[in-house]
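Each of the next two complexes has chain A plus one more chain, namely chain B in the first and chain C in the second.
On to the complex of A and B.
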C-alpha cells in the first residue's frame, strides 16, 4: 500500500528509462567516501592482481598508462540515490589486465590506497564491464574522485567502483568488503535496487 | 531494514530561518545508533515519488533536521509545507560506519560544517542520554550566526563537551574568533581521538586533510559528505 504525502508535488526531473528505480538525476558529481582522501605519488603507485595460487601480476604507473585504453561513456548510479548519465572516462579494460592471469577463482576483493575494500564476482569485472580509469571528462582523475586511478564498474552501484584502487585479490570464497559488512548489499545491482543487505 | 515504515509528522521546530527539525511517529521503529541516517520517500497524488537520505538528529525516536536547499525538490516541502499529521514513508536505520556508540572509550573530536552538524549532534545527545563521560570536542563551522542549528542547546554547559564555533563569513558581536574558514589552530591540539567529520564535500576534504596534518591517524577519521546537490 502506498502512503501519499499530502501537498507534495515533486519535480519529476529525471523521468528517463535510463534511470534505475529510486534514483534521481544530478548534473554534479557528488563525492562519498568514508575517510580522508589518500594522496598517492605516481612514482610509488602500483596496481596488482593476486591470484588464489599466490601469483602476483604488477603494473607501475607508466606501465598501466602505456596499455591500450578505452574511452567508455557510461551512466553511474550511487546508492545514495543520485545518478549521472553519460559520464566519459579513459581507462584500461580489466580484460587487458587479466589477459595473462591464470585463475579459476569466482570472487574478487578489490583493495585501495587508504584501506578501502569492496567485493564482487570476478565475472562482473570481465567482458568489457570494468576498467581501471585514470581520466574523467577529459581531465586527469582528481584525488577526491579517486585519482590517480579508480575502478569503474558502472553496472553496479558506484561504491563498487573503488576509488584509489591498488589491487585485486582473487578468491575462491566470497569475502565481503567495507560497505558490504556495514549493512549494504553484497552485490549492488541498481536495476534490482539492491541497496541494503536484505534487499 | 528493507521495510518501509509509515511515518507521521508529530512536531516541527524551526532551528533557524532555513533549517527545521521534524519529529515523526514511526510505529515499529527498531532503534538506531547516533550518526545513522534514514531514507525518506515522498509520493505525490499521481504516484510520482522522490527519495532522499537525512541524518537522524537524536539517539531516540525519529527526529530529522533538514536544511532547505534553494531550488531543491524535497527540502522546501519538508521545511515549509509539511504539517503535523502529514505522512511520508521512511526506512532505516542506514549506515554502520559513521556511528558513535556510548561505550566507546576514546575521546571524540567532532568537526561539523553547516548542516553537517546533524549526525554529530546525535552523538552529543547520545553521550548525554547514556551519562557517558567520554571527552567530546565539537568544532562547528557555520557561515553566520543566523545559520546556527541547536544554538541554545550547544551554548548551554554540558560537562565534558567543549564547543568551538567557527563563523566563516560573519561573527556575532563580541565573538573572539575573527571570521574565516577552519584552520589547524581551530582543530588542535587535541591528542589521540576518534574523529568524525561531516559537511559539504569541500569542507570535509579540507578538514580531514587538516586532521591528518595534525597527526591524527587516517584510520580513525570517519567522514560523511553532502554532495553539492545535497537536497
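On to the complex of A and C.
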C-alpha cells in the first residue's frame, strides 16, 4: 500500500520502514473506546501495582507526577489498521514504578477505570518499553485519549495501551483481558501482524 | 459533541450474519443488574476493535462481537437470556390456530 503524507510535514526518512504490515498512516488521532469515558477526579485518582504475594504499591496523582518522567517519541499502531508516527508523550517509566516491587510473576493484567482490562507478559512492561503517560503532544492527556493517565506500550497493538489506567496485577498465570477474550491475539505484535487469536 | 455510542439496532446487520432470527428485536436480561429490555435499547460502542453492547441501566457489557476475516467471536456472558420472537411453531410445539405462544403480540 502506498501512502502519502502531506508535503508541509516534510518527508521523514524511513517512514515506510516504520509501517507494520497491513497498516496505513494517519495524521489525526482516532478515538477508540469500548465504553463510556470515565471521568476520574485527580484527588481520588490512584495507580496501584498488586503483586502475586498480595502486596499493594500505591501512588496518588501528586506522587506519580512528582516522579522522574521521560518524554518518549514513539510510533503507535492500532489493530483497526491505522498507525501514527512520532507521537510525543510525557510519562513515568514502569521501570521507575517497579523499582521497589518484589515479584517473580511472569504476567501482568492491566486494569482501568471503567472496567477495561488487557494482559501482557511483565517483561513487555520493563526495560524502557512502557510508561504511565499523562501528557500528549505537550498537553495534559484528555479523557477521550485516556486521561488523566494511560498505559503506553507502543511496541504492541494500541489496545494494550490501556486508557484510564488504574493498576497492574502481577500474576503467575496468564489471564486474558477484554479484547484478548473476544477473539483478539493474546500478545499483539504489529510487526508479526498478530491481530486475531488465530493469527 | 456527538454521542459516543449507537443504539442496539446497530447490531442487526452484524448479527444477521450469525443468527437466522433478528436478534435486535429480542429481549435481553442483563447479567449484572437484571434489567430486561429490547436489544435495540442497548448502548453499542462501535469505534473499537469490535462491537460492545452495554446495558442502558448499569453500563455493564451485555454482548461483544468481533469479526475477523474468517470468523465471528460472540460473547453473550453479560446476558442471562435472550428472548427471541419466532413466528412459526418450533419443533415439538403444540399446533394452535392463530397466535403461537412465542409470537409477537
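Convention: the second predicted complex is superposed on the first by the 184 of 199 C-alpha atoms of A that agree within 3 Å, B and C clash if a C-alpha of one lies under 4 Å from a C-alpha of the other, contacts with A are read in each partner's own complex, and residues count from 1 in each chain.
Here is the rule we use: a contact is a pair of C-beta atoms (placed from the backbone, for glycine too) under 8 Å apart; a residue touches a chain by one contact, two chains touch by 3 or more.
Worth saying up front: this structure is predicted, and the values here are computed from it rather than measured.
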Partner chain in contact with A:183 - chain B first, chain C second, else both or neither: both
Partner chain in contact with A:80 - chain B first, chain C second, else both or neither: both
Which superposed partner A:22 touches (first chain B, second chain C, both, neither): first
Partner chain(s) touched by A:196 [first = chain B, second = chain C, both, neither]: both
Which superposed partner A:33 touches (first chain B, second chain C, both, neither): both
Contacts of A:159 with chain B and chain C, given as first, second, both or neither: second
Contact breadth on chain A, by residue count: chain C or chain B: B
Shared chain A contacts, counted only where both chain B and chain C touch the same residue: 30-37, 80, 115, 179, 181-183, 196-198
Touching residues on chain B, where the partner in the complex is chain A: 1-2, 6, 39, 42-45, 47-53, 73-74, 77, 81-83, 86-89, 94-98, 201, 205, 208-209, 211-212, 218-219, 221-223, 225-230
Chain A - residues contacting chain B, complex: 2-13, 22, 24, 26, 28, 30-38, 80-82, 114-115, 144, 178-179, 181-183, 196-199
Residue ranges of chain A in contact with chain C within the complex: 30-37, 79-80, 115, 159, 179, 181-184, 195-198
Chain C to chain A touching residues, read off their complex: 4-5, 43, 45, 47-50, 52, 54, 59-61, 64, 66, 68-71, 73, 75
